[in-house]
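Multiple structures are listed underneath, in structure tokens.
The following pair of complexes shares a single chain, subunit A, combined with subunit B in the former and subunit C in the latter.
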Partner chain A sequence: MNKGRIKVALALALVAVLAFVAVGARKTAMKLAQDAAQKVYVPPGEYDEFYAFLSGGFNGQIGVYGLPSGRLLKIIGVFSQNPRNGYGYNPETRPMLMTSHGFIPWDDTHHPELSQTNGVPDGRWLFVNANNTPRIARIGLKYMETEEIIEIPNSAGNHPSSFITENSEYLTAGTRFSVPIPQKDIPIDQYKGNFKGTLSFISIDPKTGKMDVAFQILVPGFDYDLAHCGKGPSHDWCFFTSYNTEEAHTLLEINASQHDKDFIAAVNWKRAEECVKEGKYETWHTPYAHNWFDEKKHMAFSEIKKEEKVIKPDQCPGVVYFIPTPKSPHGVDVSPDGKYILGDGKLSATMAVFSFDKMIKAIKEKKFAGDAYGIPILDFESVLDHYVKNVCLGPLHTESDGKGYAYTSCFISSEVVKWKWSTGEIVDRIPVYYSIGHLMIPGGDSAKPWGKYLLAMNKITKDRYLPTGPELNQSAQLIDITGDKMKLLLDFPTVGEPHYAQALPASMIKDKQARIYNLKENEHPYATKSEKNVKVVRKGHEVHVYMTAIRSHFVPDNIEGVKVGDTVYFHVTNLEQDWDIPHGFAVFGAPTSNNLIMPGETKTLVWKPEKPGVYPFYCTDFCSALHQEMQGYVRVSPADANPPMIWRGGGREGKWIVEQ
Partner chain B sequence: MAKAEKIPILARVLVAVSAVIGIAAYFFPLWGYHLQAPQYPEGLDMWIWLYKLTGKVDIINDLNHYVGFMKLTESMFWEFKVLPVLTGILILWGLWVALVGTRRAFYWWLGYYAVFAVFSLADFYYRLWQFGHTVDPHAPIRITGYVPPMFGTKHFMNFTISSLPAAGFWVLLAGFVVAVLALLAAWPRAQAARAAARG
Partner chain C sequence: MRWVKALLLAAGVAFALGAATGVQAAQPKCAIQAKLPPKGLPKGLGPYANKTLELSPCVDKELAKKGEQLFEQYCSGCHKITQRYVGPPLKGVTIARSPEWIMNLFLNTQEMVWNDPIAKALLQQYLTVMRPPADATEKDFRAIYEYLRYIDATGKTEVK
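Then we have the complex of A and B:
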């Protein structure tokens, strides 16, 4: 009886304790959530601390986000058309998407990189690579628009790109998918020895940012995956990971995962410069496109270049060495002081930290373990400094916090691992949701990381947000790295598939942002800078409408005289000079996007009407209280008709100008 | 009062000071408008000078077209051509008065200053009234009888409009005050009293 009572009492006590613990745990969880919420809370009307630039992967764009809030600020069209503003649709920007294969409206953006001075992001430009049709784009950080795109000749799958040297001397490019170089028609099973890769260096003009293909190094047909360039002592070098040193051409999943070690290609770009100076290169003639946007003319231009300097390593000894690296490395990362080089071997649980000094010593002492197609392979033990043991499953990429710690993303085990650069000692780990690819710390791949936050960019989202059918957005998680323990702060979906990102303090570029284009400086050949100057000009079957837009009307807004068979060019200039007053322009039935025209800007919509009728056009941007009235009509007559050629608008009427 | 009667040195010095102060009116705006609206938390400023308009005039014009206000341009104001000349006359004449120092010249100059001040302010108010009453009858939004404030703050649609004299006005006012001080110094009774005291 007593025993029974005791049991009941004990049971009650246990329930009480459990309830107490549960309430306590819930309170603690709520407290933690509140702490995290406070750290990412940016009150309405206030600004984020960092600009973050996330690539868009298969969406071909760059997403500009604010951190720590995770707010999406802008989508910049880069290698993909952007119907929002007409980028890649209108004749002003279509040349940006020209390649040696013609006009390509899409690509796959991977690795954004900010320009650097003394190894630190300087806020001038952002670069990003296109993986599918090899290209690199330059985005100006004043207008936050794509200003230049250069195609990389003699390459395929431009993945180890666009990583920058310490003073923005060069950007890297490389061949993830080795191919016959130069291209030719050969059976695919003759891959071995016939397929090649190139490691390219794209020069950047320090004043204008203009890019050029400086030189390309012809390398064996492995898959060159990622890169990073040295800093401080390792300034003259860039490092590229490779996998598929097996040179498999089918079922790579198995056939390219046989070797215990693949290679990091260490490239001495100063040596390459010497060889170029000494004429130790071949001039090849593979065509490649070079496109740039003239911000005064509001127009892009495209040229095809046909000359590149190709360095063959056997003709330029000392330009490239291979460092054996545990199994199929993905990222290659350099410590902020430039002393350590890390290969993130994605199929190995142990990472090798190499010493730059030891590498130089091994090269001097010729500690080679053979060669691959004539390129010396350095002796692994001579270059190795220490291991990071049992780091995780699937280490992919590592960044630094500037306090001596490294943070590695682990795809298979879905976590971020914090460890000490100098010893490889693991100090913390935190789960991420799920299957992280790259991670990013503001300035985390530079000589002076700003630290504070870590952004995990995850490949699998699954149950993290409200489900949206089979296709889900990727996710990013913001982690606080200020303390000993990493803390998850925020989780937000991203546009496209960000493969990598860059961030810098907002204060560096916030006040340099352009608000308008100066109308007086508009040198677009079809600009109309005042309503007085509007006109319609017929040149044979071309009709040029010089149109203006201002709140809340277009001039002209009635156009008659267009015939089937004509090509109509609506050159619309936004006369506004006030911040954030764009006007849009769209024509019923025109098989293209709208144009979103910023104040002071001119953009053209090209339309070949196919059927007679009267077609409305209108402003697509809710610009003012009378935005709904911002509309007009264009009349299209049959090809053999003889309609009057007139226009109306702004309370005036005019006749077309007919030129021969 | 003899024709060539002179005003005391103190009054002449004050007249000279008053005239010299007036030069500053060319370097500062006379009047300032500050417009604030939900979409313009940073505000829109417009400055009226002796001879020009500065600030966000174009933006204000763009906004004004909704209610059919006239477009403000420098060329529509003859005042911008005349006011600098009138001010120049005031300054040169003042310096001349200080030099010759006759009471008659002094009074004429003072009278000119007073008329100039009253005329300018009255013209300014007329211009404001005219601005508010010359609206395009076909404007999208119809308004009647709105006059922008001359001193202080008024609300108009989504805008709060504040108008206050600016540095140039204060400079001219200071010049006028100094001129009045000169008048006190030259006041016949005061002068006579001082003369009597000196015996």
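Then we have the complex of A and C:
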């Protein structure tokens, strides 16, 4: 053999080896992908294991997803109008979006929280906060619709909300943006000492779920960021993180990052209850809206309330203490056994784990390191149990798996870190794409997590999906946490910007889902329960059309007699009584959304026609083979005309009823 | 005294039996004589496929009255009695179809329109799948059936 041949032979051998290695690596990658695919694959016709409720951030809704598949099951309109079904557009639901500032068609949903019994999600209700105009909403899990919204008075930037106590006694609310409380016109540079915060407790009626502002605690003007309440031994307490203890009012990025430590406010809500009972509070009169949906009347109502109980900590000693916490902490999380309280110190690579027992001891022994506006600051070392050292960059939030481990999301280093609650020992890390905010384990902030999956809700999507111009949907990633090593299973895009999420086993609520609104129980004042009862009523310039919809016709489908200057109310009742036969209703030129009307439901579309002509209306939901035929006409005559007032439809015809 | 008790018991049983057979024997004349369908009609698919729905030769007026209300509430948006509407006119349906077939259509609609030859042919003609109310019970459907029987027996749509 000459040298040339040897070289060729060696080169060929090398290529063969490399090819073999490459094929091997590809096979391994494919095997991993197949394993992951199998774990998230839900075959056609079968169901997901968990319902997950993700907030929609600036889109103002709740998204209901199935896990592990990541299927989007439903969008629930909460603080934002939902053109899909008319929520917040039609007169039945517009009162849900009333506030003391008037009608607001938008907000920013952040932290969903399931109702709990004995510290465990019980499948009754889901709550979520509005960050911009402070509010909390309650969503019923039978109809999966928003049933109640309460505004939080004396507040701004309702971010540490809506976290729940162990037996759903209260939900938390608080001021991320301190403001003059009560509001007044003062120069912004007089922030220090003049701006205040409130930490509010919203009571929940155990039978009906109805919410009320129970009491508000007036606190110094820091930025109260997140919260979680205790369980087990720490049952009586809720914990709120704060940043900007510097009380900066401009360029907070720098000016609010000066202190090495900010505070966790530890609130003893049982003590607050005592003070309320003993009359140690002030009654204030800041107006706030309370809105609720009457399931039988298919209609929302709104009232303005004007009385709240405000507790000043110096009049109720023992109600609140500050725990120094490194540094500008974001999340505050409690271990499932209620023994540890963690401050996720956003700007610190080391997190402090506090002991509840030590906190109680420090309070008893008065181990204080001064006070802030009269509120005792506990001695850091006396409350500290241990550190989680060099956890990551930008730790934000922590959830638990119920097996002694905690999982912390890290925004800056873009990873999830698994560590041991009792020692702070780090046992695993996994990168996420990209820049995770909240994470969620089903029941992961409760006493008994279902520790099978972890959902990372990432803030930055970049190149994860096919590009869609500059604006991209946010990205969630599902991680298997059943083994020693975390395993990435699935990417899926989410609607809006999910901040936090909650999940529970599907079996807990699947069979309780309503399928229809029972027509017999429909108490809508304008319901039409049979085609026999269809009518058109004129009351001055108001025209009320009592209309029915069933596959595939409206009765009436011809309406004549409307004049410019009239306001027409189309009260459409869907007569169907079987699952999943909605009908839609839209009128040409009406400046509002369509209504999507569920079986047995009544909804109203309001229209003020401005020009004479003949206007079609139609069913917007493809309901049957003859859906295209499901249409009708309204004739609009000039204001001074005298058209016949008649209707036709369903083989019937009639004259309008004219009431004075 | 034990024999007294035994005698009383025996007498009681005999009386009960007598009363029961008595009712059957002395069938009262029907206030409304039903028009029964011929025997041997197809039963369709579903819970009544292998069952017989025993029909009284008399129309149960009270049940038909209840059925009339339910029909108004649940069926009238799609069915008229003598005219085609969304679905077929219903006059004569209780004579043309077996009671089992009608109950199966109520209780097992999707399978019926997929696989039963008569229901399939009706769907081809009317192009809309019947969707009986989700919350109605078998008793409710039986009442609606009795109302249809009343119509076929009397030619009237109002139960009086």
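One rule holds in what follows: the second predicted complex is superposed on the first by the 643 of 660 C-alpha atoms of A that agree within 3 Å, B and C clash if a C-alpha of one lies under 4 Å from a C-alpha of the other, contacts with A are read in each partner's own complex, and residues count from 1 in each chain.
Everything that follows uses one rule, which is that contacts are C-beta pairs under 8 Å (C-beta built on N, C-alpha and C of every residue); 3 or more make two chains touch, one makes a residue touch a chain.
Quick caveat, the model's predicted, so the values are computed rather than measured.
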Clash-or-fit label for the pair subunit B, subunit C on subunit A: clash
First, second, both or neither for A:Leu466, with subunit B first and subunit C second: neither
Subunit A residues touched by each partner, larger count belonging to subunit B or subunit C: C
Touched partner set for A:Asp578, first subunit B, second subunit C, both or neither: both
Which superposed partner A:Leu251 touches (first subunit B, second subunit C, both, neither): neither
Contacts of A:Ile550 with subunit B and subunit C, given as first, second, both or neither: both
Stretch of subunit B penetrating subunit C in the combined three-chain arrangement, among 1-9, 109-117, 163-171 or 181-189: 163-171
Subunit B and subunit C footprints on subunit A, overlapping residues: 550-552, 576-578, 624-626
Residues of subunit A touching subunit C in the complex: 515-516, 518-520, 529-532, 548, 550-553, 575-579, 581, 599, 624-626, 651
Contacting residues of subunit C [partner subunit A, same complex]: 72-74, 76-78, 80, 83, 85-86, 127-129, 131-136
Contact set on subunit B toward subunit A in their complex: 58-59, 62, 65-66, 140-141
Interface residues, subunit A side, partner subunit B - complex: 550-552, 576-578, 624-626, 629
